[in-house]
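Alright, structures below, take your time with them.
Same chain, two partners: chain A is paired with chain B first, then with chain C.
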Partner chain A sequence: MLCEPNTKAIKVYRQRTVVTMTVYLVLVFGATWAVRHAHVKGWLLYVCAVVPSLAILRLLQVVGLYLKEETDEFVRRQMVNSILWGTAAVLGLSAVSDFLRGYTGKGELPGFTIFLVFWMVFALAQVVQQLRNRVAADE
Partner chain B sequence: MNNRLKALRAEREWSQAFLAERLEVSRQSVNAIETGRYDPSLPLAFKIARLFGKRIEEIFEDGEG
Partner chain C sequence: MANFWKKANAAKKRMIRGALVALVVYELVFGGAMWWVSREKLSDGGLLWLAVLPTLTVAAFILVLARYLKEEVDEFHRELVVRCLLWGTAAVMLMMAFHGFLQLFGWHGSWPVFVDLSAFLLAMLTAKLTYKVVNRPPVEEALPEGRA
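And now, the complex of A and B:
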């Protein structure tokens, strides 16, 4: 049976993540609408371009707060492992991309690729670790 | 690092869930320590030792002794 630990810190982390992602979606759609339909210009355009990234910065802070608040060291280590997997994936990807661009002029990654790859690998690492560390029925 | 956690727990007829609750960690953590997939930090090792009324080296061994 897959027995996911449900520490207090994980519950708080999930709540903060849901709230942050909801705010992120609102900001992204709001900024997109403002740029495409309200045709904002000047400094307001720069504000619209930057505002969605604030939610992403908050998401990183949420992860940091979780690491600080988690008292179960084994569960915390799993989160750290996932972050390391995500970081390794994006550093590797960006290195390959940079060399490709440097030598061939091709291989530029589309916008947000690094961001998406990080969180996808992070999530995959979480799932793999949960499966590897699943516990059977209690003895 | 080898340990006698599972044997000590069995002697007391404690479940993993009970031990996890006493140690204030998840059952997953207890299972990982028992199966040798995770070596606890020194503070957690001391906590385990205190709970079982033993010294750390009576529960954990590094295989070099």
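And now, the complex of A and C:
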């Protein structure tokens, strides 16, 4: 059983994340539909690429808001650690890809790899920290 | 500058020193790797190792940040660094997502190398400077008593 924190701030954080992810999915499908079926071209294509990207920015703002609102120092510390792990993974991966591209012109990452890697490492770091902080059964 | 260094606590000084060392090592390793690649014809495995080497200095930079966050006793300063880190990460994610969507919609180009790393550092630096300006105390608070 994971030692999952259940503070007021984390409940608000979960709600905001679910809303943002829903909006993100709607925007992604909407933008893709517009490009494929309404044959959007020119500067509107850039708008279609920017709008769903803003939802990703909102996801990080949700994390920032949570860090501001969380009163439990220990839980906040865990979140900061997870962000650090996610950022390290993203920068490490994109640096390897950039250096390979610099040396050979090849090695570009598929689209959205960075996004997926950040949130996967972030989630993994959260789970690992929660597992490490489990209380013993008799406690 | 000297005043800033005098006012900085031990954790901050260690972070600045660590970040500077990481930056210098990065430049040296990167320069050396580029020089080697231009002179020798390396195999794919060799190239991968040469790409991983300078990346380790990027990881070292994140470690320096993590150590600072652990050692800093001033909650306000720690909070500022976390916010700057979030801005940096947000900039990278935004750029990569925008690039991903452009490719999804049929764009075949690719961005110049190191755009993401530059975006991260630039966003962190901008956030740091912005917070510094925003959090400046008014003149009457900054001056010692009786000198306003």
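As a working rule, the second predicted complex is superposed on the first by the 134 of 139 C-alpha atoms of A that agree within 3 Å, B and C clash if a C-alpha of one lies under 4 Å from a C-alpha of the other, contacts with A are read in each partner's own complex, and residues count from 1 in each chain.
In this section, a residue touches a chain if its C-beta (ideal position, glycine included) is under 8 Å from a C-beta of that chain, and two chains touch if they have at least 3 such contacts.
Computed from a predicted model, the values in this text were never measured in an experiment.
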item: First (chain B), second (chain C), both or neither touched by A:Leu116; value: neither
item: When both partners are placed on the shared chain, which of chain B and chain C touches more of chain A; value: C
item: Which superposed partner A:Ala88 touches (first chain B, second chain C, both, neither); value: second
item: A:Asp72 touches, of chain B and chain C: first, second, both or neither?; value: first
item: Partner chain(s) touched by A:Ala38 [first = chain B, second = chain C, both, neither]; value: neither
item: Partner chain in contact with A:Leu57 - chain B first, chain C second, else both or neither; value: second
item: Partner chain in contact with A:Glu108 - chain B first, chain C second, else both or neither; value: second
item: Contacts of A:Leu100 with chain B and chain C, given as first, second, both or neither; value: second
item: First, second, both or neither for A:Val127, with chain B first and chain C second; value: neither
item: Partner chain(s) touched by A:Ala49 [first = chain B, second = chain C, both, neither]; value: second
item: Footprint of chain B on chain A - complex, ascending; value: 3-7, 71-75, 77, 133-135, 138-139
item: Complex interface listing, chain B residues touching chain A; value: 10, 15-17, 24-29, 31-33, 37-38, 40-41, 44
item: Residues of chain A defined as touching chain C within the complex; value: 31-32, 35, 45-46, 48-50, 52-54, 56-57, 60-61, 63-64, 67, 80-81, 83-84, 86-88, 90-92, 94-96, 98-104, 107-108, 111-115, 118
item: Residues on chain C engaged by chain A in the complex (per definition of touch); value: 30, 33-34, 37, 47-48, 50-52, 54-55, 58-59, 62-63, 65-66, 69, 79, 82-83, 85-86, 88-90, 92-94, 96-107, 110, 113-114, 116-117, 120
